[in-house]
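Listed next: structures, encoded as structure tokens.
Two complexes, one shared chain (subunit A), two partners (subunit B, subunit C).
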Partner chain A sequence: MRSKKSLFLNALLVLVVMFAFTAQAYAGGKVYKIGMSLAITGPTSDAGNPYSKGTEDYFKFVNDTKILGNDTIDCTIRDDQYKTDVTKRNFEEYLEDGIVMYLNYSTGSTLGLKRDFDEEKIAVLPASYHAGNLDGSNYIFLPIASYSDQLVILAEYVAKNNKSGKAKVALFVHPSAFGRGPVADVEKAVAAGLNIELVEVVEHGKNLDNTAMLKRLMSKGVQYVISQTIQSPVATMIKDAQRLQLSASSFGEAGKFTFLGAHYTGGNDLIALAGKAAENYFWTTGFNITSVKGAGTEAQLALAKKYGRDQKAADSHNYAAGIMVAQVVTEVIKRAKAADLDVNRANLYKMLNQMNGGNAYKPYSTSGPVSYSKTDRAGVDLLQIYSVQNGVFKKVGEPMQSEYMQKIK
Partner chain B sequence: MSYFFQIVVSGIVVGSIYALAALGMVLIYKSSKVLNIAHGQIIAAGAFITYFLTVTVGVPIFFSFIASMIITFFLAMSVERIFLRRLIGEPIISVIMVTIGLGSILDGLIYLTPFGSENFSFPVFLPQEPLSLGGVSISWTQLVGVIITFVLIGGFSYFFKKSTVGISMRAVSDDQFGSMSVGISVPKVFGLAWATAGLSAAAAGCIIGNITGLNFDTLHAFGIVVFPVIILGGLDSILGAVVAGIIMGLIQQFAAGYLDGNFGLKGTGDVMPYVILLIILWFKPHGLFGIHEIERV
Partner chain C sequence: MSANTWLATGNFFTTYKQEQRTFLTSLDRTFFTFFLVILFGWPLIFELGNKNMLVIDNILIAIVAVMGLNLVTGFAGLISIGHAAFVGIGAYTLASFSRTLGDSHVLITHFWPVMIILSGVMGAVFGAIVGLPALRLKHLYLAIATLSFQMIFEWTIQFFTFFNQGQTIYIGRVAWLTGQVGRKDHYLFWYFIILTIVVLLGFGIRNIMKTRYGRSLVAVRDNDRAADAMGMNPGLTKVYAFALAGFFAGVAGALHAYVYRGVGFESFTLHESIGYLAMAIVGGLGTLNGSFWGPVAIKFLDLQVESLAEISGQYLPSGMNIATALKPLTFGLVIVLFLMFEPRGIANWWRITKSYTKLWPFRY
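And then the complex of A and B:
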């Protein structure tokens, strides 16, 4: 008798639990799974850490403010410590979990997993803007214009603003695919008529002193050094130039170096590392930065405040970059839902490819609209140049698109 | 001509800092024949402790520098006490493997703090104008770095040659069982070797951090960057570390100054020190000041 009663109670309990889950699922709507793998610790985590916070916070915001109605985004973020094998493992586990889009990080792992992305037919937004990511791949979408675009646009800026004769330029690059990638495109732009003389390409090591290199470049008449690397080696170089009294106090000052650099060379991290030596450093990126006030940066700061981030993370351009990829993912899900399509890999890929012309997306985190198509898989084409003035990055002119990259493509 | 002398000065500056960064590894090897793979992490820890005391706590940087050397002295001593003391008498390779694990643990601990994934720089505390003479310039940061390097290296050389404890450490390095038989405490000597290595690593971390800025990846990489210096110097020779450090610094700067960008060459500043290392080891396989031990059977 007792066991019959117990059986009945257990069956009732199971029914109640099942009902509760069903009701919750119905009320809570659908859950879209996204995967992200990046370096929260390990090499380059100074960029990866705030990047992950931006993505995490924006997806929380989407769910908390019901941007997708009752549907929610479940984004799993895992640390890969900048190791491609760990990235691959994370990606494979995400696939088993049923993700509909994937957010990747480094150049190495994006190149390494390129085939996997195509085989799985899953759209991927990496934090690497290496143009080579797009070669032979249909599923990788760069959030902003490539490093090649960034270097060429800086070279164009040099050519336009150099005060006399042909500007002599050196490239200072990371000894990897990430650093070397854009060199060939700069050379092509020069061959196509860009009015600069590319004197030397320097691949840096772990230098404690760049005196010999700087003196050598100066002896060859180099006036502009454009960097494609990370902040730390740039900081050491510009501090050395300051010590040697070779830093230009204004753009293109004769007999001195004017330093410029691509996305990962700049931002507040460069100022933190180089201090006053960062003054007059010219930097380009496709993101808005909080030292230039605007509606976009206010929204970024409000988001960071809402989720309890410290000021350093809130002000990081990598935090903005993390927000941006989350905004793009949210937007394509929204568009798929609005078109009454299932939110799956194929439809999100389709929505990304339709994000152009009048359908281009304007997130608050970027310096221009995000547009993708089957032939253009770099999101923000308009890049903004900034320079350090009195210890903070300030806007230089308006966002622009590379003229020569159009010619050499 | 000033170009040449500028490169010489830069080479000596870089080489001296390499020597200081290598010193800790030499001290441990000298007393225990162990290569400490976690040395780079201790270099980084020293720099971050100085920054924390200076910026967060508000201690004047000079005192923070001294305090960080004292803290890493005890930190390294504790590491030896907790992780390595039990391995006395075990094969050297086991101890080296433990130092690899130790490096991972220290990495993990530093990644738990903001220092693992953020960039910082020390507050400016030295004059910004460089010292210049005849077209050759050196920054105050570099000059102070070189002076600290030579003071520490001079002090350690004296310690090993003249003090009883220093001589005991050399004795332990030569023969652990022989040392024990004359009453030397081998565990205490090992602890002291790690402690002094920690102290020198903190000094190196502060000097490197002041030059490059405080980035964990950059700082802890110097534990590996100085390997050729240690090997060229002969592993257990302080003088060898100094001479090898300066040779490496000079080669690096001369290659960067005269070879890179000419004759179609690139990156020789990074490669040439290793090429020269291989050539020297061809003729002197135990390094410039290494001891060639002859065992009689």
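And then the complex of A and C:
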């Protein structure tokens, strides 16, 4: 009797499972595969980790709220530990899986795989905003304006707001392609008439004390230090400046340093690392940040809350950057579907190239619209400058586009 | 020696010539031939994706590099912690041609066997130069000298614009008898090429170790004064060991450049050097087959830990960054465990297995 009952229950269970699978099959939704490779562990994982969460959450949101109807996005996210070899392996795996678009991370791997992207004719959105990614490539699309744009915009801001004479500026850069890349463009902008004097370009090492460097720069009359690196060396430098009482309490204070930096130098992680020394730090990015309340940041926080992210991840600008690339992917799929085109690599590439003018896309995560064309491969051209006031980043003026980058391009 | 070589259960030599044979028994030779047929034949039967072929190619390249490291550290007893720099010399030799002539120059795309050998020779030249301190230095001091070379290499690549400051220098697609090797066949093509090179170099080491040049490496390692007294030149032997290791590393570097179709700085860092050393230790220093076991074991472990770190990275709080520590922790633990419990490496397990099967059903 007991075995009969158990047999009946088992048969019922099998039927339920079969029904569930059949129902899913009849739902008729297509699955679009996307691949993402980034540093969830290893160097720069402090940025890569929230970035991956942003992308993951937004795609979950797309599927849960049926933004694409019955169709869904299946995005595989793999850790590459910031190693090009591993990124290449991940990319090969994704190609075998049949991805229609690819999301990459580091400058090194984007440059390393550039030819593969072109051979495979697959559109790629990296987390690296290195202008060199675009040289000789048709398939790489920068999410926001390049590091060169960011540094030149900061230099322009210095030139406009410096109180007396020609501003003396030093660049503090990462010893790699990522750091060195924009230096030549800043030099070109200066040659084109940008009213600053570029006194020195410092490639930082792993030193934990910048006293000698800061004293040297001070002796050369440097007043502004613009950084293109990651947060930790900047935190070390500005803490040293504070210890030496060399930090400006307001922008351009005479005889003191005003520190500025590009996308990966700032954010809440910098404040966490540098504490009070981060006060009056000027930073530019193409993303909205949660310390400046708005509809976009509310949506970001709601997304993080919906998928159970901690406050640190929710507030991270890298979480916003992860959301943004997922938003762009979703949007081009949506547009391809709306145009009654197959969702494949070629059509998504076409949709990206048409994302301009009236077709520019306005995601909630960015400081300006995302526009691409065959000649413009940088998404958000309007960059926002923020500065740390009372322990949080606050907006400085309105988003702007670099004037001198237009001249030197 | 048994009259019937198929039934031989031990090694009995009556002449020196017998002792110098590559295969001691017919069974050994047959097994090896069968194994080679499988290695060359399986990709034609089971189609493996590009991702997996890339992993296998990577292991084979590491085998070439570790064979070289085993010569200098295992057989000659000279610790080298700059082996990745020698691999880098090979890769950057090719990259230099690419920068000068263009990445699709016929020399790179059609004369790739010549380029591979040339990269090996360049590795050997640098090996000999770096080996010069070995004339005066020993043990830890020599290790530091090789470390210095690693540092100089890293600095040079990162700061010279000729080397693109460490950014990727592209290498064009190579041509074969059927034309250009396309993307689809790229990794499979290089599998066959690297496997052939591994077999040739493996036989090369086996044969060297039977000559006086190979024996002098071991003699200098065991006691350089005694070796000197017996008429060998320990200094020259040490330099020659470094040159030989440099050649293997250079070949590995060129293969890496061709497989990845580019040369980037990050594949030749100190971290990679430590990785090669770990492979040699885990495989078994001073054994040829250890050079095969080590890379296979470490790369396999790498993949598993990678997956584990990836999964834990998704769930552990990002602030703690525990997942990042998993890989170096596992890596270090494996080396320590091997040094403590099996200093002769996996090669010793292989030796035990072989001797057991050879004697079976007898115990001794």
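Everything below uses one rule, namely that the second predicted complex is superposed on the first by the 384 of 409 C-alpha atoms of A that agree within 3 Å, B and C clash if a C-alpha of one lies under 4 Å from a C-alpha of the other, contacts with A are read in each partner's own complex, and residues count from 1 in each chain.
FYI, contacts are C-beta pairs under 8 Å (C-beta built on N, C-alpha and C of every residue); 3 or more make two chains touch, one makes a residue touch a chain.
Keep in mind it's a predicted model, so treat the numbers as computed, not measured.
A.B. asks: Overlaying on subunit A: subunit B and subunit C, fit or clash?
C.D. replies: clash
A.B. asks: What is the contact status of A:Glu119 with respect to subunit B (first) and subunit C (second): first, second, both, or neither?
C.D. replies: A:Glu119 sits against subunit C, while subunit B stays out of touch.
A.B. asks: One more residue to check, A:Ala235. First (subunit B), second (subunit C), both or neither?
C.D. replies: Touch status of A:Ala235: first partner only.
A.B. asks: Taking the superposition as given, does A:Lys293 touch the first partner, subunit B, the second, subunit C, both, or neither?
C.D. replies: neither
A.B. asks: Quick check on the superposed pair: does A:Lys312 touch subunit B, subunit C, both, or neither? Answer first, second, both or neither.
C.D. replies: After superposition on chain A, A:Lys312 lies in contact with both partners, subunit B and subunit C.
A.B. asks: In the superposed arrangement, does A:Gly108 touch subunit B (first), subunit C (second), both or neither?
C.D. replies: second
A.B. asks: Just subunit B (first), just subunit C (second), both, or neither: which does A:Asp46 touch?
C.D. replies: both
A.B. asks: Taking the superposition as given, does A:Pro175 touch the first partner, subunit B, the second, subunit C, both, or neither?
C.D. replies: both
A.B. asks: If the two structures are placed on top of each other, which part of subunit B overlaps subunit C: 6-14, 42-50, 114-122 or 132-140?
C.D. replies: So the stretch of subunit B that bumps into subunit C is 114-122.
A.B. asks: Residue overlap on subunit A between the subunit B contact set and the subunit C contact set?
C.D. replies: Correct list for subunit A: 40-42, 45-46, 49, 175, 312.
A.B. asks: Residue numbers of subunit A touching subunit B in their complex, please.
C.D. replies: Spelled out, the residues of subunit A in touch with subunit B are 40-46, 48-49, 175, 200-203, 205-213, 215-217, 219-220, 231-232, 235-236, 239, 242-245, 269, 272-276, 312.
A.B. asks: Under the stated contact criterion, what part of subunit A meets subunit C in this complex?
C.D. replies: For this pair, the touching residues of subunit A are 40-42, 45-46, 49-50, 52, 78-79, 81, 83-86, 88-90, 92-93, 95-96, 108, 111-112, 114-116, 119-120, 132, 175-177, 180, 310, 312-313.
A.B. asks: In their shared complex, at which residues does subunit C touch subunit A?
C.D. replies: Subunit C reaches subunit A through residues 49-51, 54-55, 58, 158, 165-168, 170, 183, 187, 260-262, 264, 266-267, 306, 309-310, 313-314, 317-319, 321, 323-324, 326-327.
A.B. asks: Which part of subunit B faces subunit A closely enough to touch in the complex?
C.D. replies: Spelled out, the residues of subunit B in touch with subunit A are 3, 6-7, 10, 13-14, 17-18, 107-108, 111, 114, 116-121, 124, 128, 130, 137-139, 142, 208, 211-215, 217-218, 221-222, 225, 252-254, 256-257, 260-261, 266-267, 269-270.
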